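Structures for review follow.
Across the two complexes that follow, chain A remains constant while its partner is chain B and subsequently chain C.
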Partner chain A sequence: MFFYIIRRLISVVVMLFIISMTTFLVFFASPVDPASLTCAKNCTPAVIEGNRKLLGFDKPITVQYANFVKGLFVARDFPDDPEQKARAPQTVFTCAAPCLGYSQRQAKSVTEIIKDGLPITASIALGAFVLWITSGVFFGIIAALNRGRWIDRLLVGVSLIGYSLPSFFIGQLLLVFIAIKWQLWPIPNFVPLSEGLWPWMQSIFLPSLTLAAIFGASYVRLTRAYMLETMSEDYIRTARAKGVKESVVVRRHGLRAALTPIVTAAGLDLGGLLGGAIISEQVFSFRGLGWTSIQAITNTDLPVIVAVVVVASFFIVIANLVVDVLYGVIDPRVRMS
Partner chain B sequence: MADTSGATVTTSPSARAAGERTAYLDVRDLKVHFPTDDGLVKAVDGLNFTVERGKTIGIVGESGSGKSVTSQGILGLHRRTRARASGQIWLDGEDLMTVTDERLRELRGNKMAMIFQDPLSALHPYYTIGSQIVEAIRVHHSDTSKSAAKAKAVDLLGLVGIPNPARRVDQYPHEFSGGMRQRAMIAMALANDPSLLIADEPTTALDVTVQAQILDLMRKLQAEFGSAIIMITHDLGVVAEMADDILVMYGGKAVEHGPVNDVFYEPEHPYTWGLLTSMPRLDRARLSRLNPVPGNPPSLINVPSGCAFHPRCAFTGQVPADACRAAVPDLTAAGPGHLTRCHLEPATRAELFASEIKPRL
Partner chain C sequence: MTVAPGEPENRSDASAVPVASAVAVDPGSPVALDGVDGAVAIAGRTPWQIVMRRLRRDRVTMVAFGASVFFVALAAIAPLLARIGILNPDQTHPELVQGLGSMPEGLMGGVSWSHWLGVEPGTGRDLLSRIVTGMTTSLTVALLATLFSVVVGTIIGIISGFAGGRVDWLLSRSMDLVLSFPSTLMLLSLQAVLVDRIASIMGQPSSAPPPKIAFMVLVLGFFGFPFFARIIRGQVLSLREREFVEAARSLGARRGRLYFKELLPHLWAPLLVYTTLVLPANISAEAALGFLGVGLNPPTASLGAILNDTVSYALPDPAYFFFPGVTVFLLVLSFNLLGDGLRDALDPKAGRQ
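Now for the complex of A and B:
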């Protein structure tokens, strides 16, 4: 098990290396001159050349990428010019490690931009994850155990509606009716976890719920399907034949086996939450990573786009690793091979 | 059509020999029907048999003849929402059809246990063999400590002939071979010394040498615990070796029922004849091809009219007035403790058997 994790960690590093290189090449080695994208109106060749030097676009692409990777471990200067630094240190921006680049547009280190957005997105994503897993699995089991009865039809029907509604619509409904019109819940305004558990939970509940609705609905159906499948397995009949109580049969024998594919799906979806978070953040005006990436795309702020992609893929790869390890914990047949 | 089996058939051969007291297991007019969208599936349609402690009854039949449904019906494993069961199942003076679900649960795995076919799918893949046996013990003996239950699990695995049980107890089903898994399954069924053991094709998935070992083991355990055994199989060889009585099922009904030697040496029903003549013989020259029973098992939704076997029976012409198609034959006595469900006159039957069947056996 230990060696398995080590082996997987190495492959994670390799994977991240490949992803970052690909993203880097796609954006910076495109036929468009990245330096000319850094200024919109009132562009003069002098400004473009200045930015080219500032962001290091004057160097070969291999050197640029090497500098980017180096910046993850040691501090980096923009522009990377020791002579200018010695002459006029105030004109040089030093970006502390881990440095993901420098956003000329926001005059900020990209790491800082990510640091601002990540806690917000992570909070929404975590809240959504908890909401969708607990409700999705719970209602899925209820539906499976009452297959064909009215409660099953109700749950499947409601989940179909939840699944079909776009999340910006659900988000708007929650915001307009729950928060504004009926005032059942305060209008969400992000509060960091450091300011208390309850204020934090209160602030992220509606955005998380928006994000959880779609996933939760699909997990009701997923759990229902897997539960129905496992509950018709021979080993369930064996458990009943042993005289095991029905509630224990469902929990210990049925759910345990049905959880494996659910954990797999959940891990992968957790990694991909960023895409959903973009919409939720827009609806509730949260300045998380989703909002950041939209800003970066509309402003063609290349260093930020690259950083967001790298950070997002980092989480997806890690989520995959966690799923694979969990899989081994849950299913002894995987542990062996 | 109503089942008209008379009072003469409510007790089986061995019970009658033992006198008037009721048998240990006494199944009376058991019916298990499943309503489906296509119609009512009459999987078991009026079955009577008894088993005494220390005795074995073999239930034989093709796939879909109702063998497994019968066994699961006795354990009450059919969901009441999906299956309609009626009749009486007396186990040690208690009618399992009328007891509460909770009482039935107490009996399952305790007084009556089941060995399933295909132990790979019947054992939970995520739990060790030991923990599954421990669960079987502690479900009915919650006062037994986990370590004591585990010690008993090790004993049981040793009893069924699993080498190195102390190490094997912590292994998962996928680490066991087919024969070892079946032994583990038997060990689990024996966990609470059941007095009624139902074995649903316990050796079908196994090769012949392992099969012989498993049957040997079951006989040994029966001698030790005095269990009543219901052996469900389509393997006549297994029945010949194990059973005291045989019940041949066709289309959800018993078509022949009697002591093992009578059924094997003087079979009465054309279906039984077909089964026996279709057995491959190693002691004969390979002159002839195998003789399967022609046709297919009947649909349990649209059971053929009259005798369910008539579309496949070669002897319907010997019965006057097309009775095979028109009326369901009764289960009637054909000898001491030997019952059969056929329209053929006993004399005609004896003649046909002597002239056409016996030479081929």
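Now for the complex of A and C:
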């Protein structure tokens, strides 16, 4: 198990290295001059050249990438010019480690920008994860145990509807009708966890529900399918024949085996939530990472875009790792191979 | 995945086939005995016939199939309808939006005989015409993106599964890499560097719809291909051990023949099923991009662009908010149901997931 985790850790590091490099190449070494994208309307050659030097686009792409990686561990200067720093220190921006870059649009370190958005996105994602896993697995089991009866049909039908509704449509319905028109729930306005558990939960409930709706629906279907499969296995029949209580058969024998593929799917989806939260954030005007990236895209703020992509991929890769390790815990057969 | 004739599934499913034993159990039944000595000829069915029988019995899938065909057909003839004047997506009707804040007058956002789904607030353009022409754009994007994923995914999947060894390792890791990128985010952010480039290749201004459409097709398709490739690879891994592949090999078949003449025909079932399931996901993706305001630009009618406009009218003009949203919902739902039904019919073991 130990060596298994070590081996996976090494592959994660390699993966992150390749991902960050690819992202870097795609955005900074594309045929489009990145410096020309740094100013929208007031672009003069002088401004472009200034930004090119400021953001280090004048250096070869390999040097740029090396500086980016170096910045994760030690502080970086923008522009990276010791002479200018000695002459006029106030014109040089020092970005503390871990430095993900410098956004000249916002005159801020990208790390700061990400730090502002991450708690909001993480809250929505976490809330959504809890909502969809509990409801999805619970209703999935109910449906599987009542196969073919009306409750099964109802649950499968509702989940299919939830699965097919565009998530911004669900979000807008919740916001406009539940919160604004009928005032059944306060209009969401993000409150950090540090200000209390209940206000925090209250503020993220509707955005999380929006995000959870689609995933939850597919988990009802997923859980149902796996439960049906395991409940028809021979060892379930054996357990019943031994006289084990039905509730124990369902929980200990059926659910445990069905859980393995669900954990896999859940881990992968959790990693991808960062990207999925964009729509929820947009509907409820939460200033999370999704909002950050939309802003960055509208302003073609490349350093921020690259950082958000790298951070989001980081979470996907980490989620993959956690799934692999958990897989070994839940299903001992995996460790062998 | 297809059920080969002769497997037990064949006989149990075919209830109309008078099997000899059934005759023995119930000798009084008016079954026409057309064989010698009471033995009855067993009607053979091709796998295709079995699938069609199952599909025809599945009412939900048949309705979903009808709806999908209807939507695709409508989207296909929409440009024609617009040309002969039945659909007028761009004609404004200022006289119909005289309500407070240029809201349409009348019930349900101005529903009338000439405007079945009412008119757009502000401009008074016919909503049904906008939705139908928008569907053409959206379905084109979704179909082309899906096609791109299928073609690339199938080729990569076959090569990866068949070649094995280092090639397989490299291809599989590359797919892991693609899947490690947040696809929604990439779809948004790559616009900054790719759309202008595509526009200059196509020789069009970057604000025109074709470069944006090409961009969405390429990026949606690119991030969708590993999904197909993994499924195909899994299928090919088991297929390549089968006798017919060995037979073809020992006859000296070249790679191209093995891939496309021997293996490909065995893969149409999963391809059909997953194409039907990926298509609605791509329709949703285009709509989501439109909602975020980074899809096709508003003068072009696409479901995403329409939805981007409607979301702010949920309170003042609920009908205008609901009609396009429900259209996307029905479109996605029909394809999802069709895909589920096809999976059940083609692969009964998979179950409804």
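Odds and ends about this structure:
In the analysis below, the second predicted complex is superposed on the first by the 337 of 337 C-alpha atoms of A that agree within 3 Å, B and C clash if a C-alpha of one lies under 4 Å from a C-alpha of the other, contacts with A are read in each partner's own complex, and residues count from 1 in each chain.
In the analysis below, a residue touches a chain if its C-beta (ideal position, glycine included) is under 8 Å from a C-beta of that chain, and two chains touch if they have at least 3 such contacts.
Keep in mind it's a predicted model, so treat the numbers as computed, not measured.
Of the two partner chains, neither chain B nor chain C is touched by A:Asn146. Applying the stated contact rule after C-alpha superposition, one finds that A:Val26 touches chain C and leaves chain B untouched. Set against each other, chain B and chain C differ in how many residues of chain A they touch, and the higher count belongs to C. Judged by the touch definition given at the top, the superposed model places A:Ala239 against chain B, while chain C stays out of reach.
By the touch criterion stated above, A:Ile305 is placed in contact with chain C alone, chain B being left untouched. When the two structures are aligned on the shared chain, A:Ile330 is found in touch with chain B, with no touch to chain C. In the superposition on chain A, contact is made by A:Gln172 with chain C only, not with chain B. Using the contact criterion defined above for the overlaid structures, shared-chain residue A:Ala257 touches chain B, although it does not reach chain C. By the touch criterion stated above, A:Gly276 is placed in contact with chain C alone, chain B being left untouched.
On chain A, the patch touched by chain B and the patch touched by chain C do not overlap at any residue.
Per the touch definition, chain C reaches chain A in the complex via residues 176-177, 179-186, 188-194, 196-197, 280, 284, 287-288, 291-294, 307, 311, 314-315, 321, 325, 328-329, 332-333, 336-337, 340, 350-353. Interface of chain B with chain A (complex): residues 72, 75, 77, 105-110, 113-114, 116, 118, 121-126, 128, 135-136, 139-140, 172, 174-175, 188. Chain contact summary for the complex, chain A toward chain C: residues 15, 18-19, 22-23, 26-27, 30-32, 34, 37, 156, 160-161, 163-169, 172-173, 176-177, 180-181, 221-222, 224-225, 228-229, 272, 274-276, 278-279, 282-283, 293-294, 296-298, 300, 302, 305, 308-309, 312-313, 316-317, 320. Within the complex formed with chain B, the residues of chain A that make contact are 233-235, 237-245, 253, 256-257, 330-333, 336.
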